[in-house]
Amino acid sequence: MIRFNNVHKWFKDLHVLNGIDLQVAQGEVVVVCGPSGSGKSTMIRTVNQLESINEGEIWVDGKNVADPKTDLNALRAEVGFVFQHFNLYPHLSVLDNITLSPIKVKGMDKAAADKQAVALLERVGLAHKKDAFPAQLSGGQQQRVAIARGLAMEPRVMLFDEPTSALDPEMIGEVLKVMKDLAESGMTMMVVTHEMGFAREVADRVVFIDHGKIVEQAPPEEFFKNPQHERAQQFLRQLLTPMS
Amino acid sequence: MRFTTRLLTTAVIASAFAAPAMAEGTLDKIKSSGVIVLGHRDASIPFSYLANDPTKPIGYSHDLQLKVVEAVKKQLKMPNLQVRYNLVTSQTRIPLVQNGTVDLECGSTTNNLERQKQVAFSVGIFEIGTRLMTAKTSGIKDFPDLKGKNVVTTAGTTSERLLKAMNAEKQMGMNIISAKDHGESFLMLESGRAVAFMMDDALLYGEMAKAKNPGNWVVTGKPQSFEIYGCMLRKEDPAFKKVVDDALKATFKSGEVNKIYSKWFMAPVPPKGLNLNFPMSDEFKALVAKPTDKSAEEM
Amino acid sequence: MNYNWDWNIFFKSTGIGSEIYLDWFVSGLGWTIAVALVAWIAALAIGSVLGVMRTLPGKVLPAIATAYVELFRNVPLLVQLFLWYFVVPDYLPEATQVWFKQDLNPATSAYISVVVCLALFTAARVCEQVRTGIQALPRGQSAAALAVGFSIGQTYRHVLLPQAFRIIIPPLTSEFLNIFKNSSVASLIGLMELLAQTKQTAEFSANIFEAFTLATVIYFVLNMSLMALMNLVEKKVRIPGMMGGAK
């Protein structure tokens, strides 16, 4: 579904992505973790080309995203993206946030789009908020709407860039639950997160990245029980005893 | 509406404060302050304008104004009377005379009934006819030839009013352009936007003298009106008015006015050394022979 | 001051046909509104395009927009007006020149010049407001729009501009009022808008204070009404749950 072939990216002198090779199969849920500044957010943003790459190839659903001939807008329509800061459109109601792209990009008619949006809002438990505006919702609610917005394009892949790290602790659970349901429905997912509980419970594979390189990837049980790489060990120790 | 009322109140209060200065006559004011304030223009060539010295006006009207100053000195026995200059525009000249800032304005101000409600006029110092300037090749000889044509005049002048009235009454279908000053009116004529420029004949000669090729242009047409220029002073001040009128009449009577006239209308004048070549009209000769402070419309 | 007040002057005959002075003010106000409104609509359209250009990726389009702004903001309005009225027409093809200068009613050709002038001048100022509004938005907004497959055009149309315009309603209101005040330059090329009619009334009637007082009141009432209108617009588009506007 997604394939990275020796991907490199530089920000000026900084080598953010240093030869990434990775494959994500259809229906697979991959959690990407790593210390801050490791390049994990940059990596996930290259998949739909919110960040460009300097070298290598990224294939999504059989299309090379770095090829100038690829229709990026069409590709992005098939790849849902959920941001750390939700990025809902503040001037539109919850319903319009969800229906805007199906109507404008896919040409769906308004009634069908509304119906679909209400169904998605039910799925994330927010049907009663369809007429509210983003500023009237809590962070957790906004992120659930953002997930519904991503799903409205009926994507083949969903990407999550630290979806819970801007949330108050009591709201993290509701978002993770929605993500878990989504994973169970068979969606292909790539998730950048520090929520190791989610990784342990939901992920098929955990990818550990550091200094722009994948240093370890393993099924969650293996990764948490017996991390091979020294930096992965150190990372996990810090996560488990955050105050030290 | 409340704003309007407040604005009006403010205006009325402001005028009330300015009033006490006027309780005394202008002569008393000059005597007690030791200064006479002369109003002048910056570009009314050759009547009152600034040329080489930006602090001191020159011109035909100004020379006559200085005759009045001499008379005031003599009358008040103040040989060292100071003269202060105050530049006025067509919009400010009346209020500045009224509120006491300017004691005497001599420039190119037409004496008419509307203005007589606000200020007093000296005996006439010049008389013009309102006529046309056009290209020699335009084929235009007189006002009836202007039917359906673009004609320019300067905004706020009597010519503008006459032209508009003529257009309405005789249904001539002229397009009238009101330019902001004489220079711009001439530019409209020169650039082909208008076929003719209606204005006071003396001012038309002034513009013609400034043109790149003065020979291309001609002043033509039967005068549509005659206008008498006068010096402006405050109303209801007979003592000062008498000094002003007497000084001007003496200048007319002695023939000195002819010398002043020739200096400004028949010889090169600053700043460019232009010669207007504008001989004294019969109408003005009559005015000099028989001075009056009436407007042309009253005669 | 022995000024002769006469507030009935506006109902007295001007001496031209059956006109009274008040007619001049009415017609002047009509021209002022016709100049300002048309120029404003054009300025808003041109300025928005330029403002978007300044925020686009790449180099060429932003540079063009920047050059435009620098040029039109730094040349005095009056100079621009004289260029549009006296100089530019001289570079038109011969036939167009004759048409513009002679066949066209002089009021129409002055009107065209002043509308073009004010529209282009104000567009530079609108451009800067629009640019500021777009740049004030969080970067995540365009990323979110692009991520669902919007083109750049759709991103601006549906996501960025609706928010940016809400932010800049107050500065745009002041530009809107400015264009009404600036429209008085039209009097300098012979278009008889409100200020020109005021001056003419002052000259003809010698009731200078009355004329300018009425003009002041008209400009004031006009600006207050426009401000009230814009406040209404601002309230109408306010986003629920947010104070003031989008951030």
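Read from first to last, the chains carry the letters A, B and C; within each, the first residue is number 1.
Note that in this section contacts are C-beta pairs under 8 Å (C-beta built on N, C-alpha and C of every residue); 3 or more make two chains touch, one makes a residue touch a chain.
Since we're looking at a predicted model, the values are computed, not measured.
Chain-level centrality, scored on Cα centres against the all-protein Cα centre, points to C. Taking each chain's centre as the mean of its CA atoms, A is the chain most distant from chain B.
One finds 37 Å separating the Cα centroids of chain B and chain C.
Put simply, the C-alpha centre of chain A and that of chain B have 83 angstrom between them.
Taking each chain's centre as the mean of its C-alpha atoms, chain A lies 47 Å from chain C. Taken together, the chain A residues at the contact with chain C in this complex read 48, 50, 73-81, 83, 85, 87-91, 100-101, 104-105, 132-136, 149-150, 153.
The touching residues of chain C, when paired with chain B in their complex, are 1-6, 14-17, 86, 90, 98, 101-102, 105-107, 109-110, 187-190, 192, 196, 199-200, 202-209, 213, 216-217, 220. Residues 138, 140-141, 143-151, 154, 158-159, 162-163, 166, 239-242, 246-247 of chain C touch chain A in their complex. Listing the residues of chain B that touch chain C in their complex gives 3-4, 7-8, 11-12, 15, 18-19, 22, 90-91, 94-95, 98-100, 112, 114-115, 117-118, 150, 152, 155-157, 160-161, 164-165, 168-169, 175-180, 184, 187-188, 191-194, 234-236.
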